[in-house]
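Two complexes follow with chain A in common, the first pairing it with chain B and the second with chain C.
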Partner chain A sequence: MTTETLPKGRAALRERPRLLKRDGAWPWLFVLPLLIGIAVFYLWPIIQTAYFSLTTWGVFGGSTFTGVANYVRLFADPQLYSALGNTLLYTGIVVLGVPLAVWLASLLNTPGLRFASFYRVLFFLPYVAMPTAIAMVWRIIFNGDFGILNYVLKGFGITGPYWISTPGFALVAVAIVGLWSSLGFSMIILGAGLKSIPAELYEAAELDGATPWRQFRSVTVPLLTPSIFFVLIITIIGSFQLFDLQYAILGSPTTNPVIPQSLSLVYFFYQQGFVSNDKGYAAAIAMVIFVIIGIVTLVQFRLQKRWVSND
Partner chain B sequence: MTNNVSVARTSAALSDPELDPTMPPPVSPKNRGAGSRARAARTARPGRRHGSHAVAHVVLGVGGFLMAFPFLWQIVMSLSTNAEVQSVTPHFWPAHLQWSNYATVFETLPFLDQLRTSILITVIRTLAQILLCTLAGYAFARMTFKGRAIVLALVLSILMVPSQVYLISQYQLVQGFGLLNTIVGLMLPGLFSAFGTFLMRTAFLNLPTELEEAARLDGANPFQIFWKVMLPLARPSINVLAITTVLWSWNELLWPLVVSTNSTSMPLSAGLATLIGDKTTDYPVVMAASLMAMAPVLIMFIVLQRRVIDGLAFSGLK
Partner chain C sequence: MISRLTRGGSAKRRLALGVAAAVGVALLASGCSSSSGGSGGSDSGYKAPAKSLKANITYGVWDQTQVKAIDANLKGFNEEYPNIKVNVNVTPFDSYFTKLQTQASSNTLPDLFWLNGPNFQLYAANGKVEPITSEVKAGAIKLSNYSSALDDLYSLNGTQYGVPKDFDTIGVWVNKALFTEAGVALPKAGWTWDDFQTAAKTISEKLGSKGIYGGAGGMDGQTTYYDTIFQAGGKVINGDGTKSGYDTAATQSGIDFWTKLIASKASPTIQQLTDTPADQWFTSGKLAMYWGGSWARTEVGSSPIAKDVQVYPLPTGKKQATVIHGVSNVVAAGSKNKAAAQALQVYLASKKAQLQQGNMGAVIPAFTGTQTAFAKSEPGVNLQIFLDAVKYAEPYPVSKNTAAWNALEGAQLPEAFSGKKSVSSVTDGLATQMNALLAKEK
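And then the complex of A and B:
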């Protein structure tokens, strides 16, 4: 065996340097246009932000190195904890959409279901809509005086709040829209997972007299766990980066007094960096967001590994 | 929403940079056909089928209506008068259709300037990403050169960094180049994409080598091989890249908000954001503007529905 493969191996060894030589400068011609852009606009900015986070910026520009001062200030800043809490609340609500998406996706994948592609388009529509444009109508729907949501709630005898301008409710309103817009994407990912479950398992379950609910619990959910896990990761990381929807629905502090208590982490970053122009402080916030998302990802991969090995 | 696209991109790469590059089995049409036929046979039994489908239709119908409602409501509002929008008992249909609201958009807002900016930055970013990412992705997948592993790792490492981390510095760069409030400044960082490179590298890794070798024997140079042989074969992944880039570029808010301050140089996403909470604007006109701003992407989605859904799901699953 070994003697037979040796000549081949040698040939490959001889082949490799020749290939290298033949490609010559070509690979660099292919890679450099992208690489220059990536280096200038992504890699360098990452290093620079890390440095910025150690500097304090003057009102008229110019910055001085102040070491960990920004971080000391940040960890003593109640706004950080409020932003973190708000982001967690938002994430918690949007994550409720995942079990809902599992259920809806399994209904959508009912074999032979008519209008399935029509339903799929409807559920996916919010995902492709421009956040600022669709937020405009959500602001009307949530309006405390003439919004249709409160009108419907009144039908059930509930007096709806001023959603957009009441602390707490403002964030819930944003989370409802967040859930609405991400549901379709989760359903599609889960749907792809559902299609990979062999039909024989359902046949066997049915022969054993399992009800549809029992089939869902004992066949669908366990076999779908990898997809569910993936959707959870995407949803949580996406929710931690909440900005567009919040800005588009709630507006800025000049138009909505509830903003300072409702900031998400990224809105807090934007506020400090581009409204208050405190770029050193904002850089420190960005680094904290980076670390938090890194930790979330790590924890999730740990959990995933454990789950995989138990399987 | 834009967030989700970029996040899907990020986690996709995070989930495993060396992930098996084959199309995920669930999407394979052969599997799908066989599976659903078998299941259709199973549910074809009398009595059962009707019942279970009724539940699915009711739930999906109600859910689908709730999904579509904001769009429908926006259409109704865009054709109403401001008084009708603000009346305490909702007007589910305007007394007279106010088509003039659409004309007012062009008179009171710099809509055409913003539309032009949105189209320009989206088209140029998409073309640039396709060109740069396929070139680099091909080299990373199919060429051997010194430092390839390190360069690739550097590019892919960006996928793990949230965008806030490079935003401040990107802003400083664009400001330094004197490009604030310009189209070039708006599109600049978005011309380059680590996600696109990852996607295209995976696509090329997946293609057979025989054609390439045949072309090489015929004396084609590497660029000719890439351009004439390999690029056409990568069409499905290029479509995925184009769709995700168009969606992201058209809908993105934070970057345009930061680099454009006067309303005539903004794209639509940021332009609409300036109207939030503005008490003087008239609601129906804002609704009409929002609908028109979303329309190009929604039409693209409805025309290409399967391709967009499968493409985004595919980019998410990678």
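And then the complex of A and C:
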């Protein structure tokens, strides 16, 4: 959003003398390009956003400081709570993909499985495809009158809804696509985790007479918890940032009447910042999203001690 | 997508502008050669720059399909000004205005660029675009050469900032084969709202079993409810863009037209139309009458039903009306090469350049008398109706922050169309919220 440049890496320079004492400047020199990038494109915009959330921003720049007015207005705005609810619902559905991914990844990891690489590519493809392209295809699949999904449902005697234009269903439709397209990434991470589980454990379990299901529950899942944890965090953060998929599948408020009831947090932000040109208010929304994601992630890290095995 | 591209329109100050234009024309008529003549404006009277002017300018546009015609224009321009190099900068429509806003904020706008109606006032009111007052005064651009409704679109508080480069109006595209199949007579000249409703209903009843509909509403105001609002004698927004027209009876009857059409099952529901927009129903042979813009010509002409297509003027309500919109070339107020940019602006507004645009078939050029090529571009289809419609056309409704209340329309009007709520309760609520937004624009 913002493209202003940082006054040349001052912060990094100030750190230098202290660092010289320890490891020398070399390590910093090597990470400097990355650090500059992060500072310019992430840290500085975050600071600016925090500041702008306290201002009323003109359409073409120029801001007036208005204190917490934006936040007062935001917390009284029913759209914030409906957007938060929608985002939570979406996240809830997409997170269901994590156990599914664990199960599929372990199936793919079965020794001696034929065409394993082929399946892997198949599941991974949606992740590398453009969200817009995915959305175009799913829009056609979801089409109420002519879509293949409702055609198949009809075969079972079910009259399918107008998926993308019925409140409630619209969000579920987006979540189905979200789940489907995140599956591949989760499976790759989990697959790598599976490789690190020693084969002897399975042999031992088998000697003890454990069924494949028992092996999955008592060997695979516990030893995979670090990977599952990572996937969970990434999936939840990604879900909270839902925008492009929703925008591409459902469209804008001028083309789809269910949008106002189906707004995600980021869509709400986009709507205020880039459609209504109320950028100060949008900055406040962005800060709220930032804080919510921060809290959710923090809670997860706190809880991980209870279920993630790190040995 | 295409209709958003063509969106636009200011509604404002017809009178003030009309007077200004008339005065301008009178001045021109009376003092043809003495370009300096006329009252006032001793400052910055436009003078065509020297042929040797050397500059490098950018021209920002969003439609790749028009680049060929633009290149042809530029070739002609460079014959006059061989040392002005123009870089055409194409940004897809979906990101065009986001980018433009960033450029405007950092004062790096292209020297000359396209602007549409819904966005015009925002840029003009904030001093981002240069008025064409001096070019008009000098006679380099004559407002009377373009539709007055479109001139209106690009004027704010009596100041003119650009003239249209092209325009589009709305008509009813008809699938003749479906009329024959249903045994319904084709529309006649001067047909009315009732004629349209009856024909649509009859076709839907006769061919409904095949999934075919007679007519179709939709969520795109420009091709549907804005037209009927004007036909009912109503307004979307008042003349100076300060007050919503949605709480007036005439405007409500313009909305009610579509509620009735959908209730009688003559049209697919709003849900069906969200999943599959009206143009797709029409081009796949499932819709007999499609309210569409002149820009639909290419899409319809290349569809499987092309040979069965005819086009008619919109039916008449209390009066005959259609929305008109066109894109304008405007000069950035902060341009470092203003003289060169203005020279190009003047050239592109000329008859020669617009005729070339029209002949290359990209759009309907705005300069009166250059549109014959468009009218003849689909043999057998009466495209002339789109040109005749200019006489009774109303400019696309806009204000300084058009997009904000467009979102409200999209969110709330469907409840009226579907009959879930009464038309007046929806439009009254819409008017209240829209007025609140308009008050904030001040």
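What we mean here is this: the second predicted complex is superposed on the first by the 253 of 311 C-alpha atoms of A that agree within 3 Å, B and C clash if a C-alpha of one lies under 4 Å from a C-alpha of the other, contacts with A are read in each partner's own complex, and residues count from 1 in each chain.
Simple rule for what comes next: a residue touches a chain if its C-beta (ideal position, glycine included) is under 8 Å from a C-beta of that chain, and two chains touch if they have at least 3 such contacts.
Fair warning: this is a prediction, and the values are worked out from it, not measured in the lab.
When both complexes are superposed on chain A, chain B and chain C end up clashing with one another. Shared-chain residue A:F146: touches chain B and chain C both. In the superposition on chain A, A:A101 contacts neither chain B nor chain C. Look at A:A199: by the touch rule set out above, it reaches chain B but stays clear of chain C.
Within the superposed three-chain model, A:L263 lies out of touch with both chain B and chain C [touch as defined at top]. In the superposition on chain A, A:Q271 makes contact with chain C only, while chain B stays out of contact range. When the shared chain is aligned, chain B and chain C each come close enough to touch A:T255. Touch criterion met: A:V121 reaches chain B, while chain C stays clear of it.
By the touch criterion defined above, A:I289 lies against chain B but remains apart from chain C after alignment on the C-alpha atoms of chain A. A simple residue count on chain A separates chain B from chain C, and the partner touching more is B.
With the shared chain A as the reference for superposition, chain C clashes with chain B in the stretch 259-267, and the other listed options (43-51, 223-231 or 259-267) are free of clashes. Overlap of the chain B and chain C interfaces on chain A: residues 145-146, 251-252, 255-256, 274. Contact residues on chain A toward chain B in their complex (touch as defined above): 16, 19-20, 23, 26-31, 33-35, 37-38, 40-46, 48-49, 52, 103-104, 107-108, 110-115, 117-141, 145-146, 148, 151, 180-185, 188-189, 191-196, 198-200, 202-203, 206, 212, 230, 233-234, 237-238, 241-245, 247-248, 251-252, 255-256, 266, 269-270, 273-274, 279, 282-283, 285-287, 289-290, 293-294, 297. Within the complex, the chain A residues that touch chain C are 58-61, 142-147, 162, 164-166, 251-260, 271, 274-277.
Considering their complex, residues 4, 98, 101, 104-106, 122, 126, 128, 211, 219-220, 268, 270-272, 274-277, 401, 403-404, 406-407, 409-411, 414-415 of chain C touch chain A. Touching chain A in their complex are the following residues of chain B: 1-4, 6-8, 10-11, 14-15, 24-27, 31-32, 35-36, 38-40, 42-44, 49, 52-53, 55-57, 59-61, 63-68, 70-71, 73-74, 77, 85-90, 132-133, 135-136, 138-140, 143-145, 148, 151, 154-155, 158, 160-173, 188-189, 191-192, 194, 197, 221-223, 226, 247, 250-254, 257-258, 268-270, 272-273, 275-278, 283, 286-287, 290-291, 293-294, 297-298, 301-302, 305-306, 308-309, 312-313, 316-317.
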